[in-house]
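Shared chain: chain A. Partners: chain B in the first complex, chain C in the second.
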Partner chain A sequence: MVLPAVVAVTLVVGAALTTAILQSIGLMPLVGQPALSLDGYTAASTDLLTSIRLSLTIAVVSTALAVLVGVTVALMATSGRRLGLAVATFTVPVPHLIGAAAIGLLLADSGFLARLFRLDEGRWPALVGGRWWIAVIAEYTWKESAFIAIVVAGTLASRVAHFDETAILLGAGRIARLRLVTLPLIAPSVLAASTITFTYSLGSYEVAQLLGRAYPEPLAVMSVRLFRSIDLATRPEAAAVAVVTAALSVAVVGVSMIALRRSSVWR
Partner chain B sequence: MIRQARAARLVRGLLIAWFVLPVIPVVLWAFANRWPFPDRLPAQFGFDGVRTALRSDAAHALVVSTGLGLAVALLATPAGILAARALTTGKVFAPRLVQAVIFAPLVLPAFAVALGLDVLVLRLHISSTLAVVAILAVAALPYTTSVMRLAFGAYDVGYDEEARTLGASRWVVAVRVQLPLLAPAISGAAFLAFLVGWSDYVVTLLVGGGRLISLPIIVASFASGTGNHSVVALLSIVAVLPPLILLAVVARFRGRRGAQS
Partner chain C sequence: MIGNYMGKALGVSECSRIDLLVLVFRPSDLGVSVFFDSARRSHRSAPLALLAAALLFAAACSAPSTDRVEADDQPWSQIEQQARGQTVSLWMYGGDEQGNAYVDTVLTPAAKEAGVTLRRVPVADTKDAISRILAERQAGTKDGAVDLVWVNGDNYGTAKQAGGWLCGWTESLPNMKYTDPGDPLLKNDFGVPVDGCESPWHKAQFTLVYNAATVSDPPTTFAGVLDWAQRNPGRFTYPAPPDFTGSVFVREALVAQSGGSSSVPLTYSRDAYDRLTPALFDRLTQLAPSLWRNGSTYPQSSSALNELYAGGQVDMTMTYGPATLTELVAQGTYPPQTKVLTLTDGTVGNASFLAIPSTSGHTAGARVVANLALSPQQQLAKANPDVWGQFTVLDTVKLSDADRAAFASLPQSPVVPSYDVLSRNAHSELASAWVSPLDEGWRRAVLAGN
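Presenting the complex of A and B:
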């Protein structure tokens, strides 16, 4: 019964990865003879390294902020203040591209916040397309904090209540309960959800394309630009960036799976 | 204590503002004909954005996006149900490997998969629409499978046994007992799969080959130009309302079912 799913994934993902790798090492050129070479990886290696660093930084910062906001919302929901979680739920069906458009209207030089504070272009910081990628990080954090809040609130609802009551009966205070009961119990689902958030923001294209700046580029933007370039010779480079991004994602997920296995609460 | 309560209220207010704030300029811009810079509110409300949207391919894009969402849901939901069922009953060869394979699309960046397949789609002359649907259905499988796994995990086999004891055939049990009991989870899984098709941008862009114009594609093309704020805002609302309504329907459905059982 698992066959339809497994066959479909193997075909699509397997074929995609194989062709990406073959393209990246020059064995599947659009025109000309196939010839093994690592030029795809080395041609723009300084740019590639800059992009790796940039993408990792954006992903780390967005994930950390999303965890902070998401866990706070989830904790509030379990103490009876459910409005935050309800509002967060409504951001789930918002496509990331639409989220990016909305953040643009909010944070741009002539955006809603600049108008609200009556700050004209000289004094309003460059949040969209600026040095610090604030608008891009804000979009990821906005969408993913809602996702993390929902996942963690689910775990809290099903597991924590009983333990929490027992801890109260045993005389634990609020801080002690948070530190010794709640946080250890939600840690696995926080880890799982933040891994998904991290890999998403590492490999996402449209948000950084719309709200970022031209240089340096995150991995996805760099790869897609090279891929769509009229110069067909950049195809191996585009594929190389894609392979590197995929490898980074797999490595991060691998590490977090090992961490999850070690925690005994998670099954 | 009072200070603590006040701080907690402040944090709560900030968090709600955090989720609501980006929506405000979208709603204002959607119906703003004129909104010169330092003004806090539009100078003139109106339907210029609506008119521009109607002149563009938005209506067609709405149909395309709906079609993509439905096609992805139709493919990924049954496959997810079957996979989840097999994984919960434990009759699977190498369950860990199977699980890793099914969850792989969640880990791999969509642009990398799209980029790899694009060449293959061109060489093998596969229809680009078909390829987009296939990639997105595969991308939706982790969601449908994990929702259905949770549902099967919580499912009480006692109902099946009872029905079988009373003489129901396997088929009758599946249709009259399992399906109604699992309907809320199935609708939730289908909703998530629909969202994958509905929200996608990068796969449609790279593999669709410019022929598949979905709502996100149109919004992106307007958003990368200048002076299109009101039509971007309006189309954003158009792109968010249908799934929001679906979400409300699914949530009500799940709530009602939950109350019954």
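Presenting the complex of A and C:
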């Protein structure tokens, strides 16, 4: 049943990844003779390490905040306060590019909030393009928390209600129910959703490009800059950065798959 | 995005060599086994076989030929004949509203009369068109998506290096007779010979722009601009290279810091770079704390800088297309007191061109459009500040009396002076080989150094 999907994904992802790997090790140059070399990986290794650190930090912080907000919204929805979930339903279809532009208009130095508080004369903190990447993290958190809220609310609606009622009948308090019933039951869906969130924010380009700063740069921004460079010799470097990004994502997905299989609910 | 291009490159591949493969590849190396574990076990071998096939296909590619592609030598009437009924895709920077309007409402109807359907494809950056052409060239495409590109400088040079352009066709354009064959701006494009690979479209002059309401003492030299920035902390910045405009600014700073255009050799050499750039990067690093946000960061694009200027956060901006200024002031986007800074040491000027990719399948139609774009009627319409305000590439001495008079009586813009004033003491662009080392050096010394 899944074969058609697997074939399509394998051909597209497989061919793209292979091309990226071949370009990164110098076997598919745009000009000149193919020759095996690791220059693509070593040429800008300091920048590459800085970018890996930055990308991982942004992804970890955004995912953690998104899980916190998303799970809270989902839990509130099950106890009757559904406004948060309704907002989340409208947030999910907004494309990240539009979201980033909107956050920019809101948080920039001459943006809506700065004008509202009349703080435009250099007293507004550097949220867009600032040192701490706050606007970028805010955008990921906002968009991805809505996604997590909907996934978790789905699990809560289908499974947890019955267990929760049983626990109440057996005399469990609110905290005990949360700790011993609700959280273990939603853990797998939180893990799956946050893995998707994490890999997305690790590889995303447009948000960091629009709301970030010129240096240091996240992996995706670095890769696109090198790929579009007028110096054709930087193509292997661009491919190397893309391969490193893909490898990081695959590693995280792998770890999370193993964790999911070990969780009691999965079995 | 990268995957997208690579996928396209593979889809129609004509690559032939299959010798590199086995060394490189084992499926488990790619980490894809994670995905297959969840597929049904009985089907496991099928995707792997397919993956292997995809890899074989990919690994068989090698670099495309970089040979020059020459245009067919045909009489013009025959080219006009072939062009009838063709659809030409013109890829051009889409962020210039007036430029888009000119192409849609003036050039496209004129092409229609010649039997050619002109389709404008807006791109965020001309580099996107170059990437597409090079990917198609790598794939051996003969009927590519790009038929004509608005291009110049490093983008032109890069694609020329990879054999991306059709060459030797501009001499045959009937309207080339109105240009001056000795015009240095039309003979070399950032130091790369034009060689009949692109037909001129318009001229441009790098221009600094200031708000006269807040700048009471406008500087008169480029070094003076840097000094002004230092005296007025937080009121000046420039886009971070490799942005096109930011890159020009750094080259202009190099010329000013080195003591004028005669001190910087146009062709790139490692010696000249090592001799001239330390002083430049010192000056720019020393300037950084006085820039917007204390120079801890820079606008990522010229449009980001323009937004800062429009929002009143800085007092100066810069552009290679002063034509747009009139409209921006009239709309109220820019402050009403916006003025062009005329520098006594002159600024850099260039020409931009229309080039036909070697992967185009509609070269006759593209040649007809390029010829049309060069006609006195089109150049005149385009030079009107109300339409686009782009400076003509024609030599007005060679025009008919009526056309010359029409050029002379074009309405003057209240913001932008005439080309003669703007281009006084102008100097040529440095060779495109300078661009990458300077951009990269700036990133390391000035951006990462702070």
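In this text, the second predicted complex is superposed on the first by the 262 of 267 C-alpha atoms of A that agree within 3 Å, B and C clash if a C-alpha of one lies under 4 Å from a C-alpha of the other, contacts with A are read in each partner's own complex, and residues count from 1 in each chain.
Following the convention adopted for this analysis, contacts are C-beta pairs under 8 Å (C-beta built on N, C-alpha and C of every residue); 3 or more make two chains touch, one makes a residue touch a chain.
Predicted model only: the values in this text are computed from it and were never measured.
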Fill in: Contacts of A:L97 with chain B and chain C, given as first, second, both or neither
first
Practice prompt. With the two complexes superposed on chain A, say which partner A:V13 touches: chain B (first), chain C (second), both, or neither.
Written response: both
Worksheet item: Given the touch rule stated above, what does A:A126 touch, chain B (first), chain C (second), both, or neither?
Response: second
Discussion item. Contacts for A:L170 in the overlay, against chain B (first) and chain C (second): which applies, first, second, both or neither?
Written reply: neither
Practice prompt. Tell me which partner A:L232 touches in the superposition: chain B (first), chain C (second), both or neither.
Written response: second
Practice prompt. Mind working out whether A:L105 is in touch with chain B, chain C, both or neither, as first, second, both or neither?
Written response: first
Worksheet item: More residues of chain A in touch with chain C or with chain B?
Response: B
Discussion item. Looking at A:T199, would you say it contacts chain B, chain C, both, or neither? Reply first, second, both or neither.
Written reply: first
Fill in: Shared chain A contacts, counted only where both chain B and chain C touch the same residue
1-2, 6, 9-10, 12-13, 15-20, 23, 28, 30, 110, 120, 205, 223-224, 227-228, 238-239, 242, 250, 253
Response to the item:
As the complex stands, chain A meets chain C at residues 1-3, 6-7, 9-23, 25, 27-34, 109-110, 120, 122, 126, 129-131, 205, 209, 212-216, 223-225, 227-232, 238-239, 242, 247, 250-251, 253-254, 257
Response to the item:
So, in the complex, the side of chain B touching chain A is made of residues 11-12, 15-16, 18-26, 28-29, 37-40, 78-80, 82-83, 85-87, 91-92, 98, 101-102, 104-120, 134-135, 137-138, 141, 145, 195, 198-202, 205-206, 216, 219-220, 223-224, 229, 232-233, 236, 239-240, 243-244, 246-247
Item to complete: State the interface residues of chain C toward chain A in the complex, per the touch definition above.
Response: 1-3, 6-7, 9-10, 20, 24-25, 30-32, 34-37, 39-40, 43, 46-47, 50-51, 54-55, 57-59, 61-64, 66, 125, 127-128, 131, 134, 138, 154-155, 157-158, 161-162, 234, 240, 242, 293, 296-298, 300, 307-308, 311-313, 432, 435-436, 443, 447-448
Worksheet entry | Touching residues on chain A, where the partner in the complex is chain B | 1-2, 4-6, 8-10, 12-13, 15-20, 23, 28, 30, 69, 72-73, 76, 81, 83-84, 87-106, 110-112, 115-116, 118, 120, 142, 145-146, 196, 199, 202-206, 210, 220, 223-224, 227-228, 238-239, 242-243, 245-246, 249-250, 253
